[in-house]
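To start, I am sharing the structure in question, which I have written as structure tokens.
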Amino acid sequence: MNDEKAALGQKILRIKRQLGLSWDDVGRALGHSPVWTCAACLGQMSMSAETAEKAAALFDLDATEQAVLETIPYRGSLPGGVPTDPLIYRFYELIQVYGTTWKELIHEEFGDGIMSAIDFDMALERQPDQKGDRVKITMSGKFLPYKRY
Amino acid sequence: MNDEKAALGQKILRIKRQLGLSWDDVGRALGHSPVWTCAACLGQMSMSAETAEKAAALFDLDATEQAVLETIPYRGSLPGGVPTDPLIYRFYELIQVYGTTWKELIHEEFGDGIMSAIDFDMALERQPDQKGDRVKITMSGKFLPYKRY
Amino acid sequence: MNDEKAALGQKILRIKRQLGLSWDDVGRALGHSPVWTCAACLGQMSMSAETAEKAAALFDLDATEQAVLETIPYRGSLPGGVPTDPLIYRFYELIQVYGTTWKELIHEEFGDGIMSAIDFDMALERQPDQKGDRVKITMSGKFLPYKRY
Amino acid sequence: MNDEKAALGQKILRIKRQLGLSWDDVGRALGHSPVWTCAACLGQMSMSAETAEKAAALFDLDATEQAVLETIPYRGSLPGGVPTDPLIYRFYELIQVYGTTWKELIHEEFGDGIMSAIDFDMALERQPDQKGDRVKITMSGKFLPYKRY
Amino acid sequence: MNDEKAALGQKILRIKRQLGLSWDDVGRALGHSPVWTCAACLGQMSMSAETAEKAAALFDLDATEQAVLETIPYRGSLPGGVPTDPLIYRFYELIQVYGTTWKELIHEEFGDGIMSAIDFDMALERQPDQKGDRVKITMSGKFLPYKRY
Amino acid sequence: MNDEKAALGQKILRIKRQLGLSWDDVGRALGHSPVWTCAACLGQMSMSAETAEKAAALFDLDATEQAVLETIPYRGSLPGGVPTDPLIYRFYELIQVYGTTWKELIHEEFGDGIMSAIDFDMALERQPDQKGDRVKITMSGKFLPYKRY
Amino acid sequence: MNDEKAALGQKILRIKRQLGLSWDDVGRALGHSPVWTCAACLGQMSMSAETAEKAAALFDLDATEQAVLETIPYRGSLPGGVPTDPLIYRFYELIQVYGTTWKELIHEEFGDGIMSAIDFDMALERQPDQKGDRVKITMSGKFLPYKRY
Amino acid sequence: MNDEKAALGQKILRIKRQLGLSWDDVGRALGHSPVWTCAACLGQMSMSAETAEKAAALFDLDATEQAVLETIPYRGSLPGGVPTDPLIYRFYELIQVYGTTWKELIHEEFGDGIMSAIDFDMALERQPDQKGDRVKITMSGKFLPYKRY
Amino acid sequence: MNDEKAALGQKILRIKRQLGLSWDDVGRALGHSPVWTCAACLGQMSMSAETAEKAAALFDLDATEQAVLETIPYRGSLPGGVPTDPLIYRFYELIQVYGTTWKELIHEEFGDGIMSAIDFDMALERQPDQKGDRVKITMSGKFLPYKRY
Amino acid sequence: MNDEKAALGQKILRIKRQLGLSWDDVGRALGHSPVWTCAACLGQMSMSAETAEKAAALFDLDATEQAVLETIPYRGSLPGGVPTDPLIYRFYELIQVYGTTWKELIHEEFGDGIMSAIDFDMALERQPDQKGDRVKITMSGKFLPYKRY
């Protein structure tokens, strides 16, 4: 299933390039944010039937491929426990450096619990800056308190 | 060195609790954001002499401890490659799920390069929400283009 | 912090043995289920101030120890990624054998999402059986649907 | 053998979708619980000749495929020691958080021994709840006392 | 707990040497086989109260040490997943070479299931042989059929 | 080479099933014990020319396949350092639980050295038992004393 | 994508050999240093459209292959965390031996921060020496100070 | 031995700070380059008797400590196979990105063989640059041709 | 490249068997020792053009295959960090048992440095012995002193 | 036990240095080869009572320490699966490069079996050479044929 989703992701990347579309364009066509749209096309999210239909129309996919977009993936997009690609590794490095800080600050503000990675959304934008533009990432996850029973 | 920094971090946590301070309070006293301040107190950042002096005054630390706050740490706050604590693990899970998406979107917007984890800042706040308040994290890192030479 | 929690857990186990208490007794005294109570005493859950006070009274702990019961742990109670103890390993084996089955059945019933391990409770009881009594474990976790944004 | 079982599992999933069957339907047709039935179709259990015949009839499989359902698998359905898929990872997290608690409670109740993962059964159901429905999992495994010889 | 058991095991080894006892002698004194007796003294099995009392008498242990012999260990006596000691490694090598053979032969004879490592006993003896004496190990574990439910 | 041996092993398993032979039958036809015979057919032992000829006759193999049976394998039949299949894992668990016991007992009886896994043989039989039949495994390996030079 | 880049890298190596070109020649033709040129041809760097066009002309590649040269790779060229090839391992050994020295010296000279591996260039040359010629590698990376915010 | 060397390294760092010395100063006093001097003080190189004597004089060490500087270390200064500290990780990243490039270029220039990490020296200097100063590292290792015998 | 070298190695093994040649014969034909010759044919060494020509003549290889023999391999012939094959594992065991002894003795005799594995040769011969013939391996590697600079 | 052996090894190294003895001297005094003697003093071999007595006399050890020399070690002298020290790593590298060659040559000469690492001896000597002296290591291990039963 995942191999199908991965292969379809590569195909969509090729078609998107040929059509000259940005992820913003694709997101608008599908009615979702660019981040979620990209993750879904790369095979890490499942699309609703409606969304998959729009994606199939946009990228000219057949019924089988449309069905693949709807299937729920076995998630996890990285080979190996520690990513080797420098762009992705920097996020792993943030965990190494800031992991205990996140823990301390979220517990101070909310008490014992976690930030959900499921009821979660994210946006990514360019932040113009004289000394060099910056990548700005905004994450928002529901706080889930640990149940005491 | 790091053992010293870790032990000092635990001591600061205890004093902070006794003084009834929040990380916001501590950050304001040190002249830095709460996130960076917390990371520095937990031993993952080095303080300037000035900042260390303020921290020593606030937490009533001696000269040796003040010097420890200025030393540069061997960074990496997590035992093992994959974190076991659920709060911290969720960030690792984000890498597994969104790693390729970050790569795709940053490359689309900026070309070949990475988001710096060094020229980087972050903020964390509570996002009120009827269905349950949310943790909002805003990251900003300078885009560094891969040099072609 | 966790070393403190682990050491305190060992101390509580000794006192509990001396007092001749069962986890049922302890749970009733603290106003929580035996499973959660045991997990909290072993250092994997944080107690509210009230509960910690009751625990301190029951086990004759001092103020510092009571505070340790309230701190939020760095969770993860097992040395190594794959547990070596046979009792605990069997649960790991269940993941190896039933992991994909859980995924299939939960997705069929609820759609894309997960069973929360945070908004979660569990009970454990003896199930009498002629061919040998059985361990019965009942888990209940809130279904969290993957957000599409 | 296992590759055959895995491939057959994928085929059965496709056919099941086309026939519009639920695992409940499949389980009833095969005379087994939905959990066991799903695990067996995904290749983690071996079917008896009778059951395999019913499965072959239901899914229109040929004799070779029917034989594959009867073969005993090399069990273990997960790539890597720690699962990356969030739904399955939560069960691994339960081991990290509750492993020592299970050990303590089972030993208190039954003495030295383990809960069998072989003489074992499990059920999974939807637990309606105003704050959001819950996944309820009931496990039952024979207690096996450690032999002292 | 386990550190206590390990330390006690080392102490027992020293006393046993001083007393000039063999594991056969110790086993006879405790009313158990030499293999189980040795495993229990080294901290991998829990003794009944009676047996622990006999052991305490034999090795002149105090009440605390006697209690340690009764506690149930977190089992697993080897540092690292693959043992480095040549004597112990040879058993790991047997798994690498004969693992699939055991699986094939046990399934042929008994059907789907396993040999229990809990309802299990073992004996070890010297097998005189002209070409060099041999180590003979006899294992006996209850066959546990996989439940189909 | 090993892929050839593995593939041939799978082929032999299929033919054996069609011929309705047991490993006892095969062993008798080849003039070897069932355990060794099974290991050799699964590709973990090399056959002598004579034995390979008998095997080729029994299973109707061609000259190339007969040669494969004679080649010496790169031994090691398990994917990953710790086996995931429950039947095979139990043997790994025995090493975790009994590794130090074997070491202690063999050294007591024989002095410094090891049990050979090369000059080694093994038998496996059903041990009838009212409470459930048992798997009995008898291993015999030459003791090899460590050379002091 | 990366498989494409790797396969294309192997093809370029073959053509380069047939054409009798050195990496110096290739670098000059592409307008880049030999080190970067080689890394880009082996698939670890992305070429600009212009450079890819020159490379396509030089190696007689088609439009699809030219596009592959422009794609941004999932970087990381080594199987496994620790390289086995002796030439590459020596660089890993340098990290083991000199890692803390680099950290000490860079921090002494520049303060807290890192040497960029992105805004980075490198040259490699033969250093004639009577006792045997030497490999000389010159690395230059921008110093990035850790942001204090 | 190494623990002694590591502890002595930490002591030397403290004294060096108190004396206000740079590694350049220390290197000049010892008659070696700053890089080698720093590595030797941190415990990754062994000093000759003469050099150790000079170091003892400079840092006011006793005879035992002087002897420690002369002992040959068990080299390897990093906890874990992949370094977590960002400064040191960047060098690991260079291996991931440039490993195959080094192999290709060194083989092109020198044939089959390696760059020695033993008959090796290195220098590190600040490279002024308008856009931000750079770290310049120059490595020189003897080429060692693979012997064909 | 290495897959080509590995595949060619397997082909050469088959032809060598058909020709009834020993590695001694092959070594003599190629003008190299049997050990190096075998390593080169198995793909772990690169042949000079001359030697590759002789090998091509001996084994009737075509020009492409001859070129493969000349290419420099990505060395490392073992799957996994710790070899599973018993014959090869014994050499790993020697490192575990004798690693610190080699270090001690070589440093005593030669000072700080290593035995080269590049300027290295080896021979292997049968050593007749009444109690069973022995494998005799003679290794010779140039001592490389650590440079102090 | 092993910690005792390791600590005693370090003590012996200190005394040996003070006495100005070489391993040759120590070996002669104990009546064993320098290699075995060194391995035994470092804690990887067990001494006979006689030898331990001579060692105790030579190094002025007490009765407890003499007993430690006689105990049989849990062998394995290296932290981590792959050694980081360059001198020891080179032997690991030999396994990576020559592992399959040893297997091929030993099987050609002796048939299916292994070289014993138990009935094994080794010598190490300086081999004078104009281009730089060489380390010569001679290993001899009994060939053990795989038993076919």
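Order of writing sets the chain letters: A, B, C, D, E, F, G, H, I and J. Residues in each chain are counted from 1.
Keep this in mind: contacts are C-beta pairs under 8 Å (C-beta built on N, C-alpha and C of every residue); 3 or more make two chains touch, one makes a residue touch a chain.
Just so we're clear, the structure is a prediction, and the values are computed from it rather than from any experiment.
Engineer: What are the mutual neighbours of chain B and chain J in this structure?
Structural biologist: G, H
Engineer: If you tally contacting C-beta pairs, which comes out ahead, D-E or B-H? Let me know.
Structural biologist: More contacting C-beta pairs are found at D-E.
Engineer: Give, as an integer number of Å, the spacing between the C-alpha centres of chain G and chain B.
Structural biologist: 32
Engineer: Roughly how many whole angstrom separate the Cα centroids of chain A and chain I?
Structural biologist: One centre to the other, that is 48 Å.
Engineer: Let me have the rounded angstrom distance from the C-alpha centre of chain C over to the C-alpha centre of chain F, please.
Structural biologist: 42
Engineer: Of all residues in chain F, which are in touch with two or more distinct other chains?
Structural biologist: 35, 74-76, 78, 81-82, 84-86, 93, 96-97, 103, 107, 113-114, 116-118, 120, 144
Engineer: Sort out which chains touch which and give me every pair.
Structural biologist: Between chains, contact exists in these pairs: A-B, A-C, A-D, A-G, A-H, B-C, B-D, B-G, B-H, C-D, C-E, C-F, D-E, D-F, E-F, E-I, E-J, F-I, F-J, G-H, G-I, G-J, H-I, H-J, I-J.
Engineer: Touching chain E in the complex: which residues of chain I?
Structural biologist: Where chain I meets chain E, its residues are 82, 84, 86, 89, 93, 96-97.
Engineer: Would you tell me which residues of chain B are touching chain A in their complex?
Structural biologist: 13, 22-23, 34-35, 38-39, 42, 44, 75-78, 81-83, 85-88, 90-110, 113-117, 120, 122, 124, 126-127, 129, 131-144
Engineer: Okay, in this complex, where on chain D does chain F touch?
Structural biologist: Residues 1, 74-76, 78, 81, 117-118.
Engineer: Spell out the residues on chain D that touch chain E in their complex, using ranges where they run on.
Structural biologist: 32-33, 35-36, 45-48, 51, 72, 74, 103, 107, 111-114, 116, 118-121, 144-149
Engineer: Over in the complex, which chain F residues touch chain D? Could you list them?
Structural biologist: Residue positions touching the partner: 10, 80, 82, 84-86.
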